[in-house]
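Pasting a structure here, questions to come.
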Amino acid sequence: MGILEVKGVNKRFGGLQALGDVNLSVAENTCHAIIGPNGAGKSTLLNCLVGKLIPDSGSVMFDGQSVLGRKPHEINQMGISRVFQTPEIFADLTVLENVMIPCFAARDGAFRMHAYETVEAEADIRDMAMTMLEDVNMAHKAEEHAGSMSRGDKRRLEMAMCLVQKPKLLLLDEPTAGMARADTNNTIELLKSIRDRRTITMCIIEHDMNVVFSLAERITVLAQGTPLVEDVPDKIKGHPKVREAYLGEAQV
Amino acid sequence: MSKSTFTRRGVLRTGAVAGAGLALPTYLRAQDSGFTNAPGPDSVTLGFSVPLSGPYADEGADELRALELAVEHLNGEGDGGMLQTFSSKALDGTGILGRRVEYVSGDDQTKSDVARATARSMIEKDGAIMITGGSSSGTAVAVQALCQEVGIIFMAGLTHANDTTGKDRKANGFRHFFNSYMSGAALAPILASQYGTDRRAYHLTADYNWGYTTEEAIRASTEAMGWETVNSVLTPLTQTDFSSYIAPVLNSGADVLVLNHYGGNMVNSLTNAVQFGLREASANGKQFEIVVPLYSELMARGAGPNIKGILGSQNWDWKLENELGAKYSGTNAFVQSFGTKYGFPPSQAAHTCYVQTLLYADAVTRAGSFAPCAVVEALKDFEFDGLGNGPTLYRGDDHQCFKDVVVVRGKENPENEFDLVEIVEVTPVDQVTYPPDHPQFGGAEATLGTCNNGA
Amino acid sequence: MTDQTTQTGAIAPQADRSRAASGGFLGLGFRDFRLLMIVVALTLLAPFLLNPFPEGSAMAQFNAGYPDLMQRFVIFGIFAIGFNILFGLTGYLSFGHAAFLGVGSYAAIWMMKLVTTNIIPGIIASIIFAALFAVVVGFISLRRSGIYFSILTLAFAQMSYALAYSVLTPITGGETGLQIKSTDRPFLDNLEPGQIGRANLFGIDMRASQILEVGGWQFTFNVGYYVCAVVMILAFYMAIRIFRSPFGMMLRAVKSNQQRMNYTGLSPKPYTLAAFVISGMYAGLAGGLMVAMDTQVGPERMFWTASGEVVLMTILGGAGTLIGPVLGAGFIKYFENIVSKINSDILHGWFAFLPDGLEDFMVAIVYPFVGKGWHLTLGLMFMAVVIFLPGGLVEGGQRIARLFRRRKAADGATKSAAE
Amino acid sequence: MDQIIVQILNGLDKGSAYALIALGLTLIFGTLGVVNFAHGALFMLGAFCAVIFNRLLSLSHKVVDESRTDFLGNPMQVDVPYVHEWFGQAAGDALINWSVPLSILFAIPVMLLVGVIMERGLIKHFYKRPHADQILVTFGLAIVLQEIIKYFFGANPIQTPAPDAFRGSLDFGVWLGFDPLTIMYPYWRLVYFFFAAIIIAGVFAFLQFTTFGMVVRAGMADRETVGLLGIDIDKRFTFMFGLAAAVAGIAGVMYAPIVAPNYHMGMDFLVLSFVVVVVGGMGSLPGAVAAGFLLGILESFASMPAVTQFLPGINQIIIYLVAIIVLLTRPRGLMGRKGVMEE
C-alpha cells in the first residue's frame, strides 16, 4: 500500500477526456516519476492531487485519507507540497520571509490571528527558515527581494519553501524546465540528497529524461490520459509502448 | 497689504499679552465678556457658510454675493441698500456697534457633516460670532444645533422644511425664510381659485426630510379645501431621470401633479413631466396641472420654458415692489444695489441671507451687545418693515418670521432671462400663520430651550 | 497596489534593519519605535506646529491649529490607517469603507442619546457595530477579488447610504441626521430638564480648550483633540504591530500570491476577512470619534465619494507605508478646510502689492484653483501623485532624502579624495 | 398592463444610456485593458458639447433697444444672434432649434480628439500599471474635467431642449390596441432609443465587418500575437479609445434634452455604468448592452408605486442588489467570457 493511491480517476473537460481511469500507487519515501508526451494529462493529474481540480470519478487516497473534496490548503496541511512549473513565490516579499511563511503554516495551521506578536519575536521560525536557506545555498540572499531574483534562484527558493514544511509528499512539476545546465545539475543533486534521506516521498513530472533517469525509482508513462506502463527506469527505457507514445518526439 | 476681510480673532484684541501667559481654562474661547467669540474693539467677524460646490453651488454663490453686499452696506460703503428703507433706524453704516464688519466664507457642500465642520472652523479659527447661509434644511438643522451648543447666533439661510423652526427649533437660531406649512397655506386658496376645489392630486416627493414635511403640508392644506390625494410616491434624491415616476401619473385618475422637489430634482422631474405631455394633457375632463410648492428663480432658469404656467410659492421676488407697490418697500433698493454691482437681479436665497445679516446687525445694535442672549431678546417678537416682505414679525415662540407669501407662476413670455416668473397673488400673513405648537411643527413638545451664551 | 517594489522597499528592509538594532521598545524595533515617537511628537505638538503664523498676519489664513481641523486630521488619520491595513497589505481596494465609518457614527450617537454622554461606551459601540457590519459585508464581498470586490463593496456602501438617507429615517434621522437634543435623556446621566447633553470623558467636556498666547501667536489646546490624538497614537501603534506581525506578513502574502498561499497550507480568505474586519473597526472607531468630537451624524459620510476620499488619502500619502495614510489624510483635510476658504477678497489682499493690472491678472490665474475651485486642485494633484509618485508622498520624501544623501556622499567622496 | 408597457419603454430608454456608456467602457477595457473611471465624465462632456454648440449658435451681440427697460430701469440691451444676421431670422431660429441633433456633428470630432488626447497623453502610460492605479488616475481626471465644466458653466442644470418637432408625446398605446391616451411616450425618448440602437448596431457592424474591426477584435483576444504580425495595434487602440469617447459623447449629446446637463451628471452615471459593465461581464460587448437594457428595465419596474408600496426603498437599491446577486452567483457576469477577470 503506497502513501499515495490513485484509483480509477476520470476527468473530462467538455468533450475532451483528460484523464481516463488513472491508477497510480506511489510507495512511501521513494521517488516516482510521471512522464508522457505533451497533453498526456500529467498536469491535470497533478492538479487533481492537490485539490485544484476535482476528478469526475475515482478516488485519491493520501496516507490513508481521501483528498477529494478538500481545499488546496487542507491538502497541503495533510503533507503534500507542490513545486510549480513556473515558480510560484511571494514576489513582493524577501527571500527569508518567503521561507518563513511555510514555517508558520506548518506550525500554526491554515489560519491564526497572530497579529500582535512581531515577526522579530519568532526566533524559532527564523532559525528554521535560515537553516533551510543554508541547505539550498541561499542564506546570503536572505534579505533580497524575491521577485527580482533570477529564475533559477526563484526555483530554488520555491523548493526551499516546500521542503521547509517537511512534507510527506513533494510534487514537482518540471522542476528543471528552462534551467541552465549547471543549475539543472545542482537541482538533481539536491533532489537526490532528499531522496536518499528517505524521509520524503517525491512525485515528479519531467520532460528532461536525464533528470528522470537520474532520480526516479519507478516511472509511470501517461499517454492520452491513461497510464501506459509503470515500471523501474531500466525497463521503461526500451519499452516499445513508450517509444510508440513518444513517436516523433525526442528520443527516449 | 491686508484688506478688510482678513480674519482676526476677537480674543486677540481683548487678551493679547506680550510674552507667554497661560489663559484660564476656557470653554471654547469664552472670555471675560461671558460669551463665545466676543469681538474686539475694532472689528467683528461674521461667518458665511454657503454651498460653493455640489448641486447648489450657484445658489451658494448668489448668497455669498448678497452677504458681501450686506457687509458693504453695514460698513457704510455702496449705496446702503435696504438700510435706507429698514423700519429700524439703529444701523447707521458704521459697522456693528462701531466695529467694522469682516467676514469669512466657507463651503458647506450642502452636506450636514461638512456644514458643521465649516461652521466649527469659522467659530474656532476665525472667531465668527454669527453664522448664516446654507441652502438646505439638513445643513440648517445641523448648524443650528451646533450654534446652540457653542453659544453663537445662527441666522438660517435658505431652509424651507418645517423642522428648522419646528421640532428642531433652537433658541440661538432664527429663520427668515418661509416654510413648507406656509407654502401649503399660501398655495391652497390660490389653487382652489385657479383650479377648483374638486381636484385629485398625485404627489411625487423627494425621499428625505424636506420632501416629507412639504408633502405633509401641501396635502393637509389642499385636502382641507376639498382636494383628494390619489397617491404619493417617494423618489430617490439621486434620481435624475424621473420617467418611471412620471409615466404612471396620467392614468392614475389624478388631474394635478404636485412635485415636492427642489433644485436639480425639481428641474429634472418638471422637465420629464412636460416631456410626457402632462402640461397639455387633460384628465377627469379638466386641464391637467402641475404644482411646484417651492420655487427658486435659479432652478426656474434651469427648467427653462418648462416652467411656463406652473404655480408655486416664493419667499420673495425681485419684482414685488414694482408690481404690488410700496408695501414691499426695500425690494427695489436691494435690487438696485445688487443689480448695479453684479449685473442681474438677486434670487430669494440672496435676499434672505442679506436680510438675515441686516437683522442680526440691527438686533445687536439695539441690544447694545453681541452676547447671543441679548440678541435673542432683541429679535424676539421683533416687528419690522422695509426689508422687502412688508410688515414682518420674528415670532418669539419659535424664531420664525411671519410675513406675506408670494404665489408665482412661470411666465408665458419672459422678456429676458431673469424674468421667469410672474406674481399671481400675495397671500397675506394671517392666512399662513399657525400656532407654535402646531402638530406639523413638533406639537407641544417642541421647545426652543434656553439661549446659550457659550460661557 | 501601487508599484510593488517601492512598497516592499518601504516595509521589508525596515523590518530587518530594525532587527539589527532591536532594542525592544514596546516590542518594536528601533526604526519603528523612532517612527512612533515622531508620530507621538507630531500629534502632541500639533497645536504649535499647525499654527506657525502669528494671529492677524496675512499668513494666519494658513493656520490649521484649531480644534475642529486638528480633530479631523487625527480622526481621518485613523480611518486611513485602518484602510491601509486592508488596501496597503492585502491589495484589496474597497470602495465602500465609508459605510463602516457611518455605522460606527450612528452606533455612537445612539449610545450617547440613550445610555450616556460619556464617549467611551459610544466609541466601544461604534467599533463593535462596525465590526459586525464588516463581517457581513466582508464575508460576501471577499468571495470575489479585483475590481469585482471593489464594485461589491461600493454596492453595499451605496445601499447603506441610500437607505440611511430615506427609508431608515426613523433610525438615522435621514438627511438631517442625528444630534443630541434637549429631549434626549441618557439613562446613566443626570441631566437637568432642558439641558442638552454634551460629549464628555468622565465629566471632562470634549469642547473644553486652553489657549496659550505667546507674543502674537496663539495656541489652542483642546481636550477633544488630545483624546483623539491618544486614540490615534494607540491605533498607529497597533498598526505597526500588525504590519510587523506574522499576520501582517500573511496579508502581504495574500497580495503577493494567493495561489502559493493555498499550496503552502494557508487559507487566504480568513486572513483577508480578518484584515477587512480590522480595517472596518478602525473606520468604526473613526466614526465614533467623529461623534464624540461633534455630536452629529449625517448620511453623507457614507456616500461613495467619502469612500473615495479615504482611497485618495491612502494613495496620496503612500499605500502600504505606515505613515503615508496619516500624511494623506492631513493633506486632504487641510485642503478641504483651508484652501476652500480662500475667497477672491483674500487673494486681492495677497497680491495687493502688485500694480493693479497685474494684481487682477494674478488673482484671475489663482482664483480657479482655490476657494470653490479646491476640488480642481485636488484632482490635479491627485493625478500628479498617481502618475509621478506611485508611492505617494512618502515616496516623494524618500526620493528627496535619497537625493540629499547622495549629494552628501558625493561631497564626502570629494573631500576624502582631496585629503 | 399599460403601466408595464410604459415602464418597459422607460427601461429601454434608461437602458439605452446605460448601454451606450457601458459599451464604451467595455471597448476600452476589452481593447486596452484599462478601467476608465473618467468615462462618465466623457458622457458629461458630450452633453456639454450640445450646450456649447447651442451657445455658439446663439452667440450674439447687444443692441440697445430704447423702447424697453431692463430690471434696473436702464435701457434694455437686446441680444441679436449672429446667425440671425447671417442666415436671416427664420433660418437662424431653425438652426438654434435644431442645435441638439446638429451638435452631433460638432461632438464627434471633439470627442474623438478628446479621446485620442486622453489616450496618448495619459492612459497609454498606465497599460502596465495595476487596475487600481488606472482607476485612481482616471478618477482624478474625472474630477478635473467636471470641475473645469463647473468653472465655465456653473453648477445648475442647463436646459437644452430638443427641436420643437420632437416635443410632445406619441400615443403609443393606440398602436397596441389600447384606448387613446393610455400609453403616451415622448417623441424624443423614442428618438433616443432608436438612436442608441443604431449606434450600438453600428459599433458591432464596424467591429464585425471591417478589417480594422477584425484586427481590433483579434487584439482584444490576444494583443501580443497581433503585434507580432506586424500590425501597429497601438494606433488602432488609440483610435478605439477615441471611438469609445465619441460613443459616450454622442450618448451625452442626445441625452441633453432628456435630463438637463449639469457638471456632475458624469459621476451620477459612472457608478451605475460600472455596475452595468460588471453585471454584463467585463470585456463582453453584447453583455454590456444586454445588461444596460436589463438594469434599465429593472430600475423602472422597481420604481413603480405598486412595487415600492411593498418594498419601500427598493427603487434606491435595486441596481446594487442585482449587482451583488449576479457577482456572487455568476462572477463572470451574464455574458462574460470564461476566465476574463473572473476572480
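A, B, C and D label the chains in the order they appear, each numbered from 1.
Here is the rule we go by: a residue touches a chain if its C-beta (ideal position, glycine included) is under 8 Å from a C-beta of that chain, and two chains touch if they have at least 3 such contacts.
According to UniProt, the chain labels map to these proteins: A = ABC transporter ATP-binding protein; B = ABC transporter substrate-binding protein; D = Branched-chain amino acid ABC transporter permease.
The structure presented is a predicted model; accordingly, all values stated were derived computationally and were not measured.
Q: Return the chains common to the contact lists of chain C and chain D.
A: For chain C paired with chain D, the chains in contact with each are B, in label order.
Q: Select the chain whose centre, defined as the mean of its C-alpha atoms, is least distant from the mean of all protein C-alpha atoms.
A: C
Q: Please tell me the distance, in whole Å, between the geometric centres of chain A and chain D computed from their C-alpha atoms.
A: Inter-chain centre distance comes to 53 Å.
Q: Once you find the CA centre of chain A and the CA centre of chain C, what distance in Å lies between them?
A: 45
Q: With centres defined as the mean C-alpha position, give me the chain B-chain C separation in Å.
A: Chain centres of chain B and chain C, defined by C-alpha means, are spaced 35 Å apart.
Q: Hey, what residues on chain C touch two or more of the other chains?
A: Where chain C meets two or more other chains at a single residue, that happens at 162, 166-167, 375.
Q: Counting only residues that touch at least two other chains, what does the list for chain B look like?
A: In chain B, 53, 57, 61, 207, 234, 236, 238 touch at least two other chains.
Q: Could you list the positions in chain A whose residues touch two or more of the other chains?
A: none
Q: Provide the full list of chain pairs in touch.
A: Touching chain pairs, listed by label, are A-C, B-C, B-D, C-D.
Q: Which residues of chain A touch chain C in the complex?
A: Residues 50, 71-74, 76-77, 81-82, 84, 88-94, 96-97, 100-102, 104-106, 108-122, 125, 143, 145, 147-148, 161, 165.
Q: Can you check the complex and tell me which residues of chain B touch chain D?
A: Result: residues 53-58, 61, 207, 231, 233-236, 238, 240-241, 243-245, 247-248, 250-251, 264, 267-268, 271-272, 275-277, 280-281, 298-299, 301-306, 318-319, 335-336, 339-340, 344-345, 415-416, 418-419 of chain B touch chain D.
Q: Where on chain C is chain A touching in the complex?
A: Its residues touching chain A are 4-5, 7-9, 12-13, 15-16, 18-19, 22, 27-29, 241-242, 244-250, 252-253, 255-257, 259-267, 270-271, 274, 278.
Q: In their complex, what parts of chain D are in touch with chain B?
A: 2-3, 6-7, 9-11, 13-14, 68, 70-72, 76, 150, 154-159, 161, 167-169, 181-182, 184-186, 188-189, 258-260, 262, 264-265, 268, 299-300, 303-305, 308, 312, 315-316
Q: Note which residues of chain C are touching chain D in the complex, please.
A: 1-3, 91, 93, 140, 143-148, 150-152, 154-156, 158-159, 162-163, 166-167, 304-305, 308, 311-312, 315, 368, 373, 375-376, 378-380, 382-383, 386-387, 390
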